Structure formats: C-alpha cells, structure tokens
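Following are the structures in question.
Each of the two complexes below includes chain A, the first together with chain B, the second together with chain C.
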Partner chain A sequence: MKDLFSQSPDGGTQTLDQQILALFRAKPGGVVSGEELSGVLQVSRTAVWKHIKGLKALGYRIEAVPSQGYRLVAAPDLLIPEEIAAALVTRRIGRRVISFRETDSTNEVAFRLAEEGAEEGTVVVAEAQRRGKGRLGRRWESPTGVNLYCSVILRPPLLPVKAPQLTFLSAVAVARAITATTPLHPFIKWPNDLLINGRKVAGLLNEMSSETEKVNFIILGIGVNINMRRDQFPADLRHPATSLFLEGGEEVSRLAFARALLEALDALYDAYLVDGYGPVRKEWLALSNVLGKRVRVTFQESETVGVAEGIDEDGALLLQLADGRVERVLAGDVTILQAKG
Partner chain B sequence: MDVKDIRSLIKMITETDISEFEMESAEEKIRIKRGSQPEIIHYQAPPPMAGFPHAAPPQPSAAPAERAPEAPAVAPEKGKAITSPIVGTFYRSPAPDAPPYVEVGQVVEKGQVLCIVEAMKLMNEIEAEFRCKILRICKENAHPVEYGDELFIVESL
Partner chain C sequence: MKDLFSQSPDGGTQTLDQQILALFRAKPGGVVSGEELSGVLQVSRTAVWKHIKGLKALGYRIEAVPSQGYRLVAAPDLLIPEEIAAALVTRRIGRRVISFRETDSTNEVAFRLAEEGAEEGTVVVAEAQRRGKGRLGRRWESPTGVNLYCSVILRPPLLPVKAPQLTFLSAVAVARAITATTPLHPFIKWPNDLLINGRKVAGLLNEMSSETEKVNFIILGIGVNINMRRDQFPADLRHPATSLFLEGGEEVSRLAFARALLEALDALYDAYLVDGYGPVRKEWLALSNVLGKRVRVTFQESETVGVAEGIDEDGALLLQLADGRVERVLAGDVTILQAKG
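What follows is the complex of A and B.
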C-alpha cells in the first residue's frame, strides 16, 4: 500500500518511531543522545539514525546537536499514529490508528479491515480521499492536508434495530470536539448534520454490517472541514458549507481536533454501553437547532410540517402537527420555517 | 433476461389460457404461474452457527383428479424471505444513477450485497447469507420499510 503513511502495530505496542518520540517528549526542549536512544530501544546507532531520518521525512524537525545527540524542535500537524497516540486518553477508540497519505475512502478501508476482523476502536485516517463518500453515491470533498477524514470501527453488542442510535452519538462527539478546540457553537440538524452559523461543517456517514439479530460491526465515518479555505469548496454543493477556519478565523490544529474527537467518541461510547441511549439523546437535544421550532420535513415527494418536539428511541423526529397529533418522521430533510410563537 | 423482458413475457402469457409456464436456459430459469399465490416459506433467523433451515421439500404435485375441489392450486415453492433488520428506507442501488444491486432471476453469491436499508444516516448493506436466486423483490426503491418486512423472496441454491 504505497499510500499508507504509518500504522500502529497490533496489540497496543509502540512502533520504534513512537518510542523515539516518547523519549524526546520525556525531556521537553532537551537533547537525547544517540547512545541513550540505542540503549533504551535496544537497537544499533545506525538504526536510530535511520529512524530519525524517517521522522524528518514525515515533517518532524529534529536537529543534530554536535557531540550531544538530537533535539526534537517541532512536530508536524499530521494525522499519523505517532502523533495522534502521543497524548490520547481513550479506553477503546484509537488504540490502533492506520493513516494514509491518500486513500479512496476511509470508510471503505475501515469496512474491509472490519470484515477481516480488525478490533473495535481501530481508526482509519487519511490526509486526502480520492473518492470521499457521501450518502447514496454522493461525494465528500476531501482536499489534502486541511481537514479530518476518519472512520472508526465499532462492534457494539446491540441488536441492529438499536444501531441508528450511534448516529446521534457520533454527531454529539463531533460537536464536543468543536467546542473543545474552538470558541464556536455548533448545532446539530436532525439527524446528524453539524452546522455552524447555518452552514455545514461536518459530514457523518455510518455503515453497518449485520445479521438479523446481531451487529457484526459499524463504521462511523466522520469528515470535518477544519482548515479548508473558501476556494477549496466546489461551487455545486447541495447545502451551504463551511470550515472551522472560515467560521472562527483561525487555523485549528488537526491533531488536537482528532484527539478531542476520539476522546469524545470514546467517552460517549463507554457511557452508552453502560447507561444506554438516554444521556446521548439528552445531549443531542441540547445541541439541536430544531427543538420547539416549526419545521418542514421533505422526503421525496411528501412533506410534513409541524413543531419539532424531540426524538424518540429510534431517533425519529417527533413533529406535532396542526391538528395536535404527533407524527414520527423517520427520514427526510429538515427546513426551519420559523420560531414557535 | 431483465425486468422488462419478464414483464412482457407475463403480459403475453396472461393473454392466453396457459396457467403455468417454464423456461430454462444455461444461466436462468423462469417459471410463471397464474392464479393463486405461491406458498412462501418464511426464513427465520437461525441461532448463531446453526446454519439455515431448509425449506420444506416440495410436495409431490397432486394430479388434478386427486385434488379436493376447494383446494387452491398451490405448488410449494422453495422460497425464503429476506427481511429487514431495521426500520428505514429501502434502496436497490448504491446511488440513484447506479444500476440496482440485483434483479429478479439473478443468482447471487453468499456475501453479495442485495440492497441498502438506511436508518438515520446509517447505511445497512443487506447481504445474501447464502447462495440464492432472487425470485421476487418485495419493496420499491426508496420506500420505507419496517423491521421484519420482507425485502426479497429468494430460492436457496
């Protein structure tokens, strides 16, 4: 796989690169000697030198300090396991990260890995996607080096009928990551579009493999426009789109965002497995932009107008109609008509 | 043979007195029966690892003389229903402009994708759990389906 950047090894061990970086980071600003590196890592000085060279090629700035050793000056904002894992505090998600310079679609890679038995929590990230996937064959614009494209493998012990609840969980996780890394206030448009100032900033596409009574695995596909510039958006978008940079006016560290996202997913998923859907729904409702508003939901040729009251166990949008009845809407595109009253 | 051909074949047969028509070639076998509904043997989820229950063996077809007058002319069919595991929207193809995953009469391999059922932006690719032939597609594209709704009637091969 020539496009493969780097991947963390199976079983939670660290690569040599990760170990070298950990040694540098244990001494902030300090110098680590070649002897120390080769001694601790139990490899030759030549091997150390080769790995330092490899890290430089990835974008790390490592200086040779004459007769003392090496110093790590700066790390790149690259979505590679060496960096994502460096300060990641999660239980399941991101324990294994596989990153690509470029791939067709992280969801496709993750789906294939999951079919081959990849463990829960495995994360696939890419700097760019050739065919970023949207719903029903649509495309997700995936220019290189500016955004986050990632797919997470989950194997929840759930009946397939419950699985759509994870759609709401991943939307809440993205909202948490935005709040943690920017001063922006995201809203969720039912069921899982992330909006900032009315424009879409993230696209979530989840895929499931299941049997009648059992989920084999679920892929949470998450694309977030982080530092994308205006001219990188195509002209023919279905909905107005934006990036965290365009809304906040400042670049956001993609690594910090990726870590915040994986940590939010991990914490939410952990809680979901113990406490169920209730807490996710509550947080989703607090982030929703439709609650209490009059909305129109269009699904193919049909449309329903009502006041959004909430979501139920299936994630269905509950609309109070003009005659007082409450209708459960299972699919469609929501437009806000006006605030109630 | 595609859906259009089958449709015209059915039309042709309905204009005659023929009650049953069968045609077989190397790749496909078409059987059209008029009148009463064929009996469908529903597929039930097996316990894990148990494999699939087999449809009841076909009954020897009764000669017309032996048939009770009120009994409908039902020939048991080796049909199994593939049902929806979730509430959602049924899609026959991966994209609106893409060809359908499967057509009636097509033989599909184990693991081959038959359709997508989408629920809350969760796309569930429904795969054939065994090698089979599609006898009937029970839902229309982009229509809602309930949990347990029949999506396909297939013949296990």
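What follows is the complex of A and C.
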C-alpha cells in the first residue's frame, strides 16, 4: 500500500487529523490557537504543529495568524477520509474509507481487504488508477484528480444468483448522486452504464466471491467521469463517453459527489435488505433508456434482436423476439436500433 | 506456506525427485547405481545421495544394495506430486500439484493461487486441514493421512449463473472415482453430497471469483473420506457419515483414488467444454438418489416439500408441489420423506 493517501481507522473512530479539522470547522472565522488544539486533543504543541504540516501537505491551506493560532482557509477537493467522512450521514457505507493517491485498481484492493475480513461498508477510493478495470476485461480510463474511482465492500445474505440485483442497485445510486449534484438527467443503459445525452458518464464493475449457495462478499466498483476534459479521453473508445463537467458546463465537487453517492448507496442498500429487490427494480426501470425500444444485444459471437420489455429477478434483460417469444439475455452490449413503432 | 510438502514446478517439467523415481521404476528389480543416477541426471554423486535421503524422509523405502547402488522397495501412499504425477494421464488437471503436510484449507490456498494467476488445472492437496470448510460455513472434518482433501482451479469461459453446473460435474467425477477404485455404488444427494448406503462419504465446496458477466475462476473443493476409521468421526454430525474403508471393508490407496479422481475430472471437464452441460446432467441424474421421491428441502427459515423431478440448467432442484406447480429450489438441505406411491 505504498501509494496510500490516508485511511480512517477501524471501528469508526476519528483520526487526529479529522479531529483537528473538526475543531477548525466548529469555529466561526476558522481560527484556533495551538494551545486549544493541544489542550482539547491532549497532545503536545509539537505534535499539533506536525499534524498541521501534514494537512498542508495534503492540500489544506492553513495559515498562521500571529498571536492567535491557525486558520483553515481552504480544504482540497480530495477524496480522503478526512473530508468524505466530515459530512457523511450513512448507516453502513463509508464508515471506513481508505484513500490512495494512485493504485492499480480500487476493486482489486477492496477484494483483497474483503478476503482479509474488512467489514461491510468499507470504501476504497483512489485519485488515479494504473489499471482501472471495466467490464468483460476492458480498461477503464482513470486519469488523476478529476474523477471518482471507488469500490464498496458488501456482505449481503444472498444466493449468488441474486447478486446482479446489486449491480442495478449501484446504477440507481449513481443516478441519484448525479441528480443530487447536477441539473443533468441520467439514463441507465442495461446492464450497468450511466448515460447523459446518450454518452457514457459512469460504469460499474461488480465482483463477487461466492460459494454455490452463499455470497462471501460483493465489491461494487464505481467509476464516474466527473471533471474530465475532452482531451483526457482516449481516441479509440468504442462508445461515446463524457463527464458531468462536459455535459453540465461546470465543475462538480468530487467530494460532494462522493458523499451523495455513498449516501444513496447506503439508503438503497438499507431498504434492499428490508424490502428486497422490488423498489430498486422499479426505480431502475424508470431510469432505463431501452424499455419499449428495439435493441440488439451482442455477446461474444452471439447476437439477439428484440424489444426490451424489462429486467427479471436475476437481472436478465427480457427481450421480446420477432416471433413473440421472450428471451432472457444475461450479458452483452446493447445497441438501440429504433423506437418501437 | 510453511507446511508445504512438495510441489511440482511451473510449466509441467519434472523435479529431480520425480526423475530419480522414474529411473527406479524403469528398472526391473528396481536397482539403480549411484553412478547411473548421477550420469543420467547430470548431477554429482553427493547430490544424488542428498535426494535419496530426502525421498526417504518423505516415506520412501530405499535400500543401499552393496556394490550395486540403490533399490526402491516401497513408495508411501502420500498425496505428493512425485506420486500423483507419476501415473497421471490428463490434459489439464493435475499438471501442477501442490501438496501440504497440513494447511488451513486447500480451498483457501487454491483461491489465493488463482488470484495470483495460477493456471487452470492446478491442484492443491493436503494430508490434513486445520479448518476444513464444508458448505454454508460448516466445518469439514479433516484428520491427517487417511482421506483426500483437494482443490482444483478452473477458468471456464462461463457466465457466473452457470457455475453450479461445475458442482454437478465434480460430483459425477467423485462418483466415477469411487466406482473405479472400489466395488461400492455411490449415489449423489442434491446438491453436492456423495452417499454410500445412505451415509455421506464425500462433500464438495465450490467457490468462485466472478464479475457480473464473467467467471474469473472457480475452485472445485473436494473432500473424500477414504480410510477414515469410525472413531475419527465426531459424535455430533448432523447426517450419518462414512468412509470408503468402512463401507467396503478394506483400505483404498489414496494415491490411486486421487489419480482416478483427477482423470475423471479432466475427462468430464474436457467434454463439458465441447459438448456443454447435457452429458454431465444426464450422468448426474442417473446417480441421483432423489429422483421421483418426495423430499423436504430446508434452507434458513424456509421449507419446501415436493417430488423431485430433476435439475435444470442452473443446477436448481425441480420440485413438483402438491398443487402441481413446479418450484425451482436453489439451495438447502434435502431429506427424503418417502418413495413416490
């Protein structure tokens, strides 16, 4: 974990950095004396100074105010636990956050942590990914500092065959977060792409460790293009891609987006554990861009054409074929052919 | 891997130990001179002597024959690559074998190796397991030196929803291995227990790493009670258990069984990749002890009673209920209530 940025401690307690930031934020004007910091936190003035220096290194603008102490002038839009946790209201998700400057893949880190027993709701985020993973072995472009790359560990009491339901849940959560932080209208393209104006803005890669009759854990992998510029997209993308910035015309706070996403996930997952898949499916269907349309689904060498009628309990896309039969499609890439006549 | 016994090298080449054993076995009478060993293997006499000593430590009986060399008198019934590989005829499975004196769980080791990229067909075996895993979080009794505990890494090009098909494939392979090495008649109890005379003799625990639309790898975990004695079973087992020895009245060579199992798995998997699930399903149904019988399936708090009609593409047990409807049961414990009238 050499590229580790910062992580919240196990068990939901606050780090010293988080406590210092909380003290700054509780003060109108944001000035706190070294003496007060040292007294409240029960550490030496030298330790306080060391932590202030560490926060500056993370991108916090903290000024010395002669004979008064320190003032917090600005906080960075960095996806670190100190900031994500500061205003997060969730029950399970994000109680522990682990942030990286850069990592191979947040899904890989989360998978390893889950195997080692990390608790449900643990979140792994990174400013950049060296080998960001897309679905079906594809690459996910992960330039530094402009987007959100995060992975959430869940341990639902499910049969493995029901796991795709959580893919739909995470798509709905991303749509909610977009709606909460921008004026944009997202659509979901089955199974797990988020589109704005027909261009892909987010993707989901959910991975699972399971036995035949039991889910060990699921990793919800979520990549959202937030402030990515046109020239940061590779030229050879197979589908048009975009970012919230490109569609909405203004920058979006990555932190605000991350908090909105984790809160949406938390609320949806909470409801899912009580009420099941029904409400998620209903919201997903309302956000879908394919219902009632004629689509072609390609997967490896096969191709199916039909009118999209819905999704079933197992997440399969239901396609009405030309002969009237309904086929369950379990995987593939969807192309919309035309609106149904 | 401190309890590692022995492992075959990557890429299917032979260890020096394996080459030495092959030379012994090629000789009628089994006597080979130190000079010949040294010459053929291109190592010093001292190195030969060191390896002979190592083989003795593994349990081989090798005698010095004055002025002639060494004689291999007996090989141990140990589940080590030197022996398993010696007479194994397979295409994929068992080309690499990793053996442990003792390990927590062969499935855990295999899962970790698969994550690190171990090739399809890699086999992990152990003489004993400290925390042998049964299905649904249960324990699998794993005393030392009497049974077979092994895990096989597969990387099938499958949708995750089809993965239970490989559970049935491994059940059929165990049945074939029992039939090949004993006069006993095994039955399969859905989903994955092997029974002889109504008592459980083997269990399967298959684990998977997957994405929504892709299997990363599957671990076939197989535990077979081979020469286990009555007093080695715990008193509190929920179902009656047995061993091949207890049912057949004589010891079974664990090595012969392991080879028969790996060969059966290899042949079945090879056919599965070409011909699909049909032949496996047919053989499974012929071995099933529930078809046409009234059974109760309990899972967590739910219970379903019906007449077992078969298994479907996804491995679900098809139960005809009292009202004539057919229910798909995805998980649970089966109790046979009575033969259908």
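Everything that follows uses one rule, which is that the second predicted complex is superposed on the first by the 338 of 341 C-alpha atoms of A that agree within 3 Å, B and C clash if a C-alpha of one lies under 4 Å from a C-alpha of the other, contacts with A are read in each partner's own complex, and residues count from 1 in each chain.
The criterion applied here is as follows: contacts are C-beta pairs under 8 Å (C-beta built on N, C-alpha and C of every residue); 3 or more make two chains touch, one makes a residue touch a chain.
In this text, all values refer to a predicted model and were calculated from it rather than measured experimentally.
Based on the shared chain A superposition, would you classify chain B and chain C as clashing or fitting together?
When both complexes are placed onto chain A, chain B and chain C end up clashing with one another.
Tell me which partner A:A163 touches in the superposition: chain B (first), chain C (second), both or neither.
So A:A163 meets both chain B and chain C here.
For A:E116, is the partner it touches chain B (first), chain C (second), both, or none of the two (neither)?
neither
Using the superposition on chain A described above, determine whether A:E211 touches chain B (first), chain C (second), both, or neither.
both
Taking the superposition as given, does A:D231 touch the first partner, chain B, the second, chain C, both, or neither?
neither
Mind working out whether A:D323 is in touch with chain B, chain C, both or neither, as first, second, both or neither?
The answer is neither, since A:D323 touches no partner chain.
In the superposed model, only one of 22-30, 40-48 or 130-138 in chain C has C-alpha atoms clashing with chain B. Which one?
Superposition on chain A puts chain B right on top of 130-138.
Do chain B and chain C land on any of the same chain A residues, and which?
In chain A, residues 135-137, 160-161, 163-164, 167, 191-192, 205-214, 314-315, 330-331 are touched by chain B and also by chain C.
Okay, in this complex, where on chain B does chain A touch?
Touching chain A: residues 45, 48, 83, 85-89, 91, 94-98, 118-125, 127, 129, 142, 144, 147 of chain B.
Under the definition above, what is the set of chain A residues touching chain B in their complex?
135-138, 160-161, 163-164, 166-168, 191-192, 204-214, 218, 300, 314-315, 330-331
If we count contacts the way the header does, which residues on chain C are in touch with chain A in the complex?
Chain C residues touching chain A: 111, 135-137, 159-161, 163-164, 167, 191-192, 205-214, 216, 299, 314-315, 330-332.
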